[in-house]
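In what comes next, chain A is part of two complexes: it sits with chain B in the first one and with chain C in the second one.
== the complex of A and B ==
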């Protein structure tokens, strides 16, 4: 994305020089090409977005008329411990899906690129990369079903294996215990997400300038110093893209929670996404669900705007 | 998601044939061996769940309860998969998923082309803002759209219909496609456009006869991505497709899981069936990607 965006700028410059003035008036007929998308976007995105915000100011069971409630839903949210718990859990999921995979992915990608590809073989490096990426091709729901089965307290592979090798005392209902449920979900998410930054960062490392790293090495910089001060600044655009897309993905972790824990035990793995779904379709408290969804929308929009702003500033 | 698309772009920039210094390449000190070991251990750990599925999908039922999930299967038993195939009506689900994802990827690419033609080549006024809006639309949480869409679908008789899902995902995927394709088309060779104009080609003709054929590699990559992304979607299809005969693969798997009627054998059978199509896509996708990269390199 970033790379193409950079190309776009240079392309725009040459084009601007070539076609010169008159591009503005000449562009008007092209507007017809935007018509189908405009109509579809209005129906599928814009109108629903506005309707959702409006509904968040009402009480509604989904049938019959909406009753205007002002800020009542938001006031209720403010005092709702389940909502606050779900927000904290979102931060945990951001850690598991964005922060840890980015840091770990950078280390793994650098190790594959610097050590494995150069001192062993390119083939070994790309084979390991493909294996690490494999979880990413699974539909989330399939991956969640597999883990739900592995972690099942009675017949799940993990506990059975522990008992088989005489470590039965370690066997534990990881998803059923409120103290371990969230950490377990986080671990599964790291497993799922790691391949994505590894692939992106390895592609990014291909375009870094090896002369810079070699110069730093001659000057006596350690591997860690080189990674942090020479390599990271060069691949900053990719780091931003990975952080942004992973953060957005982690705030939408509906499938994982639906299939692994349903938000439980209690509310120990509740997230806003699942909470709004429950309010909509189980509790039939559509106004409240809309309020949760509106807060989510605002947070994700804010995250996206901040990331894009920081990225543009660094791109200079 | 976005970044997978970075791959062809940045891979294209890779300078082929640059070899690291020979002496450095052969230096395999203890640190290098430790790194290799750590990475291999990590990779094996990541692959364990896949191995467990493969190990148990064809295991006779008695054996699982007697010897557990880690024993090697002592027979080839397809009963678990069979049971799941029938309860989930899996053949139907496969067809539904293929139909929905197929329609979405074609329609979304068409819509992206039209938009990108206006924004990238037509350079209509305010395109930065329009592009920003498309990008934000792609990031918006579906939770914030789902209830009004559900309501709208009910009002128009499209609830529990695949058409509703196709329309919605066409728009969502086209939001991303527009963003990407506009950047690609804004660096489209001007000489080609000028030449076509001088030959008297109109705007529509230039689009279909010049722009589309030249950008075919990018369109191919988008087509594959849209297909896979739509195939893997769960949340909106779960809400919209309630009757069994309309459900996609993820929804069929998810609802069965939700009913808690799965035993270990059907679960691993289900997982195997769920994994299988995506592995095939993965292979196709690798090919498309390589083709996209080579074509880009020749140009």
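== the complex of A and C ==
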């Protein structure tokens, strides 16, 4: 095996050098190695995606023949107030899972890296980082169920504790009140998501050039000025990655809604992914569920393209 | 070289596709080859320890005695697993011979419409099921060509019934000197007494089927059997701004504001409501007979009983889940025999003894007074033609719609807008039926 590989490599190199055929010739043998990934991509992503798009143009209960419906599902979507409400809620989740954790994560990472590690010890900073990252390790459903217990209006730890310390007037059915349900879900999501940017940013800070910060400090820059004008430009690629992955994760947020609120009360925490699931499996309106999923796929793809384009422009 | 490797890539992809296709066809083949063997595959999703599981285990034992050469392969499924995958499973060749499935248009009705179930009409008359099940219970066994229940062919058979009632805590009633109410005025007086003593009378769950059943019972108090048929079977126009529905949303909101139902139960599930009743937090709970077994085994600290919703002739309830025979079942004759076994006296007696309502609905030989009460209340309902099915049955998404709308009602939404949403949703589905 090794011998064959060596022979191939040397053969290709010789031919490449001799004919000037270049990269195309050299990369050809490696196409075979793309086979497993291509097959997997086809089976797991491409075929289901095409089927989903096709289904979105049909009326289908999930069994039996599909009825061609043209753009009917998309027209219905356009006039569906629950869908638009779910889209707005998605924006709230983007705030809770991407914007706030990125900003907060940057501050926390900088504080751990600059202040805690220097004044106390690296070990203390690592310990705190691990604590903040812990929610990311928990299975979402488990964490959501535990949060459901904590926030239970009658027996939940939060409300019981508030009543016990004489702050009963603050006790509230946070997930049951449409005015507070989405904010509560957002707060839980910030708790869950924060660890991810902190870990990425702390790793990024390790590779920044300390000389730049020191020079700025000598020139009289404050900590905030150094963070914003010296550190942030250096870790911009990591910020893009965090923003992109967190935004995509927030648009796909399903488990939290499924386990915490089921989209309620009313539709006050409904999000497109859960709405799509409901249409698929409980409403048996698979065509409509597919239309929601297709729209979300397009939005996620567009978000990814925009982020990558901005990132490339800055890198260039 | 490049051409060769590209060719190799294409060939390998083709081989993989062919392999996948072959897997698919061989899967189908192995399923159908099972037809010659003497095996009965039975699936259900009732939990271990439930009355149904105890009774149906007996049906399997009886079946084995009658068919010594047949192997019974039983699989316990989960409700979600069945709900989400039934259509896909039944479309394949690897199907059970007989399986439990939910009654109603959106479940068994849908499968029958798609031709995935066996028409059991000849067997219903051959085995006498059409005599054993009363007309009320036959409604959920029969479906027409559009998959609408109540007429057409038999597509399933249930061996038990279920209905909604009020569970009450006898100790708490005694503590405040209260009587079991027989009229709505008495119930209201009882609830006022509880509220005066800081007790929320009814356990509720806004994030589950419980809240919508309160609303439905309130609606039924001013409804007729004809209106129920119109609502459930589309036999006439349904007006959600009728006096009955308008009264229901008004009463429901009234109950929330007076504290008969806790406002903060809006996010609770049925299990949490059941716990609230079991732990004595709430002295009453409106729910179905499916809680009987749980309460019989779970409540040790106080005596409890049940009564029908005061003043109602109509109450939510129906035949139980169905045993259906998939179209592609390999051993249909054996499946019919098994279904018939579930209707025999020994199995029916086990249902009655364990807190379920057998379709035979006889209290003969039933010793537990709670179980006798359960069956007697059902007899009252059946004799008065009082089964009104369930509020979420008319359209596949009515469960989600009603759930969201009752939550909104609890949070103070206008009754009129809630009824308009229900009307729009209902009308949309009915017009799509053609």
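Annotations
One rule holds for everything that comes next: the second predicted complex is superposed on the first by the 292 of 316 C-alpha atoms of A that agree within 3 Å, B and C clash if a C-alpha of one lies under 4 Å from a C-alpha of the other, contacts with A are read in each partner's own complex, and residues count from 1 in each chain.
The rule we apply is simple: a contact is a pair of C-beta atoms (placed from the backbone, for glycine too) under 8 Å apart; a residue touches a chain by one contact, two chains touch by 3 or more.
Source: prediction; values computed, not measured.
For chain A, the partner touching the most residues, choosing from chain B and chain C, is B. Contacts of A:31 after superposition: both chain B and chain C are touched. Contacts of A:204 after superposition on the shared chain: chain B is touched, whereas chain C is not. By the touch criterion defined above, A:281 lies against chain B and chain C together after alignment on the C-alpha atoms of chain A.
Using the contact criterion defined above for the overlaid structures, shared-chain residue A:51 touches chain B, although it does not reach chain C. Across the two superposed structures, the residue set of chain A contacted by chain B and also by chain C is 12, 24, 28-29, 31, 34, 43, 62, 152, 281. Interface residues of chain A, counted against chain B in their complex, comprise 1-5, 7-8, 10-12, 14-15, 18-19, 23-24, 27-31, 33-34, 36-37, 40-41, 43-45, 47-49, 51-52, 55, 62, 108, 111-112, 115-116, 118-120, 128, 131-132, 134-135, 137-150, 152, 155-157, 160-161, 164, 191, 194-196, 199-200, 203-204, 206-207, 210, 238, 241-242, 245, 248-249, 251-252, 254-255, 258-259, 272-273, 276-277, 280-281, 286, 289-290, 292-294, 296-297, 300-301, 304, 308.
Per the touch definition, chain A reaches chain C in the complex via residues 12, 24-25, 28-29, 31-32, 34-35, 38-39, 42-43, 61-64, 152-154, 173, 175-178, 181, 261-267, 278-279, 281-285. Within the complex formed with chain A, the residues of chain B that make contact are 1-7, 9-11, 13-14, 18, 20, 24-28, 31-32, 35-36, 38-40, 42-43, 46-47, 49-50, 52-53, 56, 64-65, 68-70, 111, 114-115, 117-119, 121-125, 130, 135-137, 139-152, 167-168, 170-172, 174-175, 178-180, 182-184, 186-188, 190, 203, 207, 228, 231-232, 234-235, 238-239, 249-250, 253-254, 257-258, 262-264, 267-268, 270-271, 274-275, 278-279, 281-282. By the touch criterion stated above, chain C contacts chain A in their complex at residues 1-2, 5-6, 8-9, 12-13, 16, 20, 83-84, 87-88, 90-91, 106, 110-111, 113-116, 206-207, 262-267, 272, 276, 281, 396-397, 399-400, 403-405, 407-408, 410-411, 413.
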